[in-house]
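One chain, subunit A, links the two complexes that follow: it is found with subunit B in the first and with subunit C in the second.
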Partner chain A sequence: MSETPSLCRFRRVSKWYGAVIALNDVSFALRPGITGLVGPNGAGKSTLIKLLTGQLRPSLGEVRVQDVSAWSAAARSYIGYCPDADAFYEEMSGRAFVRFMARLRGYRRNDAHERSEAALQQVEMTDRADRKLGSYSKGMRQRIKLAQAIVHDPDVVVLDEPLNGVDPVGRAQLVRVFRQLADAGKAILISSHILDEMDTLADQVMFICRGRMLASGTLEEIREMLEDHPLKVRINAKSPRELAGQMLRLNAVRGVQLEPPQSLLLEVERPGEFFPELARLAAKEDYEIEKLEVVDASTEAVFDYLLRQAGQ
Partner chain B sequence: MSVDSVGFRGWSERLTSPWLSSWSIARTGLLLVLRRKLFWILLGLALLNFLFMFALIYLKAQLSAQNPAIERFVDRILTSVTGTGDSYLNFMFLQGTVTMLMLAFAGEVLVGSDFQQGGLTFYLSRRISRRHYALGKLLGIGMLVSLTTTIPAVILFIEYGAMTDSLTYLRENWRILLGILGYGAIMATVLSLVLFALAAWLEKTVPLVMAWAALFVLLPVLGRILSRVQDDEDWLLIMLWRNLRLLGSWCFGSVDAGEETELIGWAASIVLLVCAASVAAIIPRLRAIRVVQ
Partner chain C sequence: MSAEESQETRNEGKQQVIQADTSIWRGGLSGSICLAVVSFRRLFRSRQTIVSAMLLGFAVMVALAWSMRRGRTPEEFISQILIPVYTSFLLPIFCLCYATASIAAEREEQTLTYLLLSPLPRPLVYVAKYCSSLALALLWTMGGLILLCQVVGDPGQRTLAIVWPTVMASTFAYVGLFHLFGVMFRRATIVGFAYALFLENFVGSMPGIVKRVAVSFYTECMIFDSAAIFGLGPAGHHDEAMYLPISAAAAMPALWLIAAATLLAGIVFFSRHEYSGTS
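So, the complex of A and B:
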């Protein structure tokens, strides 16, 4: 991932609203794939998104998209934005809305028509696009918003809380579209405060809190950086006591806790060293390991650790 | 790895000017307004007056054609269709009542909802700037004003000319056409700015209607009371609608020299002040982006 070029770059960006600092010295680069932007309410997610989409100017630092300032109109050609607001133009049909947004992009009438049809097809809304926006479900509104964001085939798609309030079926459909876009080489930035979503959805995660970037990278990378919090690994095996004895001999294992009848919980300091060792042991001895799960490498757990560290 | 090899490409499509997007914004705004039944009722009301005038002009032309001698008599009875600048000025002024009512209810649809529901972010994330957005919205309001004032007045002017034997009326009274367009442009500009400013701050229909009523109903009443109590006609200058009419009469060239010219100077200054205040109120609303909902 690190070899792929970045399309958007924040360089030491800060943003103040009067005396309140919303974003503090933030730097990162956005690459192809799905990047999750995670943080509690008021963390600075919306400010970061509005700086990226050229709706706000940074107080300090620079935001560049390709090689132009995000504030310039040219940068918006590369970005598709799907805001979290979804109560808009209730009287308008989904098709008319997407077409209108294509016209605002600068397309001529015929091009706008073609582009909007292609976008509606991509989000699987072609057959329902003539209904009024006011009659749509939450999931359908999200898809129409996504269609207007991708109508000009942007390289970067910024989605603000795209799965908020969407039912499981709609969520699965949207996630499928996000994945298709990411597979097509686009950079997708998804802001969310629902951390469970990010475990399976995001290739990379950026954790933000109180205007500061706490960490960014893949979940595994970030988890490994948290040296003060050893990785918790639960193993179910037929002979847990024998396995616990073996585990204690490994340098990467800091502690072992038996959880009767068949589980043991390990505290692992260097996962990169531990897992190959475990695999070697499992192959050599017959411990009959039934299940192995990392307990605290989810987005939520990592974010919890990061917040605790930031609090210190 | 180069940028090209991961699917990114330079932007080379032929696109229209962002200024043309303002037209799309105006057109869409107008269509949104016309989707509501209330506006069709108000438009119908405005059309009633227009149709009445249209019929009167036709009737006058028919009567005059049958007996040219009674033309003066007809002119004396049907004072509203004399074909002079004043008759168009009066027509547009009367149309203004329905226009005002329409604008008070259209403010939320045209502008308020963009601020209330976060629709502004959709616009500002496109290739257009705040200027293009503002121009589009002002154009939309202006089109609504023109739909009930300038356009019907122009149609009546053409009808009046067409009903005469030759095109002499149209040739000799080009100043009236300029007057219609000028008064219409002044009304459209001033009302657009004031409505945009009020709708951007008040957002919802009820407070907007109240503010609109205060500006165009309460203030004129106050102006009349004060002018009587103080015995000073200058108080009438706080009536924005009257000031617009004064400017309109200047456009039609029906202003007497002397005191009235001075009055028009004051009216113009007040109208300009209102426009400047509206612009000053609009700018911070366009700058501010609501970050935390």
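So, the complex of A and C:
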């Protein structure tokens, strides 16, 4: 992953409004693929997005998109932005709106037509694009917002809560579009408060809280960094009672819960110590372990843990 | 990499940046023309047009009623209708309606984000919006003046020939000023309205040179100067000794200077300002 060139980069970026620090010494690089931006309200997500899209200038540090300052007009050619706000030129049709956005990006009439049709096709709105925006459902409005964001084929697409208010079928379609864009080598930054979405959607996750970047990377990488993060591990074995007794002897295991008929749920304090011990036991005794799974490795669990740590 | 190669790479990089800048300005020109056209259409179909039409309709009725009495003179038309009803009230209101709404409405409706996110250089966005509101304001101020002068008959027609350059210059000055308000203040329409009614009329009527901050002062000076052929000059509360008028030769450049300075200030402010809460 580290060999892939970054499409945009935050270098020690801080942003404050008066005495309030919105973003504090944040550094990261966006690479092709889907990156989830996760954080509670007031964490600094919006500020980060506004800095990336050139709506704000950093108080300290620099934000560069394809090696040009994000504040410059040139950088905006590389960025597509799907805002959170449900704002449109309501009197326009979806098609006219996307075409207008293409014209604003400097395309001539014919090029703008071609590009807007391609973008509408990508979000599967071609047949419904002639209706007035005011008559669209929330899901259709989200698609039109996405279409205007990708109409100029940008390298970086920033999506602020793109799945808000979209029905499950629409979600699946939009997620497919995000994946297509990522597969085409684009960097997709998705800000979302629905953490479950990130488990399946994001290749990487950035956790942000109180203006600071708590962690970033793939969920597995972040988990590995958090050696002392307690884990819940479910084991299916032929003789769960005997295995439970052995598990309780391990220092890294805090608690064991039997889940009949053949499962037990372990609360593990130090995963780094636990897994080698378990492997040793499994090799020594014949417990016939059929399945082992970490049940709380989700984005939400990791994020909860990080938040608790940040609070302390 | 040798020093020569790295120098070559740097030069290529600079070349690319220059090319990118050039294409942005070239593409920006067609983008800003499109923006100006769309903005014009949106402003024309807005409630500002209804308000302007109602105000002009009311002014026309007042002028019609005024013209019922026989023997009206251009001097009377200027002092009783043109200055109090048109240049002091309608003219700034027409400009205010469109110039403050131009960017402030986009900000209020949160659609400004789309414009700020486009690769159009911000000065071009500002100029495009300015042009659309200026065109509409000119349509109303010049059209309104022609209509008003026509309905009152001869005194109006004789007045029209001498005051239209003043009205045009004032429109440019007011649009520049209110457009600047639109990018500077969150509630630009209220600020602009307070300015038009309070500062322009109150400060514009104060004795001494304080009134020189008001656009209406220069407008009136030009009207007095050009209407001297009808024997009109500052009188009553416009007593010359108190009013201290300036000549049209000085007032006209002052109006154009205000127009240019406010346009420039608006461009600079809009280009540098961070619209963090476009909501």
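Everything that follows uses one rule, which is that the second predicted complex is superposed on the first by the 262 of 312 C-alpha atoms of A that agree within 3 Å, B and C clash if a C-alpha of one lies under 4 Å from a C-alpha of the other, contacts with A are read in each partner's own complex, and residues count from 1 in each chain.
What we mean here is this: contacts are C-beta pairs under 8 Å (C-beta built on N, C-alpha and C of every residue); 3 or more make two chains touch, one makes a residue touch a chain.
Model, not experiment: these values are computed from the prediction.
Asker: In the superposition on subunit A, see if there is space for subunit B and subunit C together, and answer fit or clash.
Answerer: clash
Asker: After the superposition on A, what does A:41 contact: first (subunit B), second (subunit C), both or neither?
Answerer: A:41 contacts subunit B only, not subunit C.
Asker: For A:53 in the superposed arrangement: first (subunit B), second (subunit C), both or neither?
Answerer: After superposition on chain A, A:53 lies in contact with both partners, subunit B and subunit C.
Asker: Is A:108 contacted by the first partner subunit B, the second partner subunit C, both or neither?
Answerer: A:108 sits against subunit B and subunit C alike.
Asker: For A:7, select first, second, both or neither according to whether it touches subunit B, subunit C, the two together, or no partner.
Answerer: So A:7 only meets subunit B here.
Asker: Which partner chains sit in contact with A:77 here, subunit B, subunit C, both or neither? Use first/second/both/neither.
Answerer: both
Asker: State whether A:68 touches subunit B only (first), subunit C only (second), both chains, or neither.
Answerer: It touches subunit C, and subunit B stays clear.
Asker: With both structures fitted on chain A, tell me whether subunit B or subunit C touches more of subunit A's residues.
Answerer: Partner with more touched residues of subunit A: B.
Asker: Taking the superposition on A as described, I'd like to know which of subunit B and subunit C A:265 touches: first, second, both or neither.
Answerer: A:265 sits against neither subunit B nor subunit C.
Asker: Thinking of the overlay built on chain A, is A:186 touched by subunit B (first), by subunit C (second), by both, or by neither?
Answerer: first
Asker: Shared contact residues on subunit A for subunit B and subunit C?
Answerer: Looking at subunit A, the two contact sets intersect at 17, 47, 50, 53-56, 73-74, 76-77, 79, 81, 83, 85, 87-89, 91, 100-101, 103-108, 148.
Asker: Can you name the residues of subunit A that touch subunit C in the complex?
Answerer: Subunit A reaches subunit C through residues 17, 47, 50, 53-57, 68, 73-74, 76-77, 79, 81, 83, 85, 87-89, 91, 100-101, 103-108, 148.
Asker: Tell me, which parts of subunit B touch subunit A in their complex?
Answerer: 1-3, 6-9, 11, 13, 15-18, 20-21, 24-25, 28, 32, 35-36, 113, 117-119, 121-129, 289, 291-293
Asker: Which stretch or stretches of subunit C touch subunit A in the complex?
Answerer: 17, 20-21, 23-24, 26-28, 30-31, 34-35, 38, 42, 45, 109-111, 113-122, 274-276, 278-279
Asker: Any idea which subunit A residues touch subunit B in the complex?
Answerer: Subunit A reaches subunit B through residues 3-5, 7, 17, 22, 32, 41-42, 46-47, 50, 53-56, 66, 73-74, 76-79, 81, 83-85, 87-89, 91-92, 100-101, 103-108, 148, 155, 184-186.
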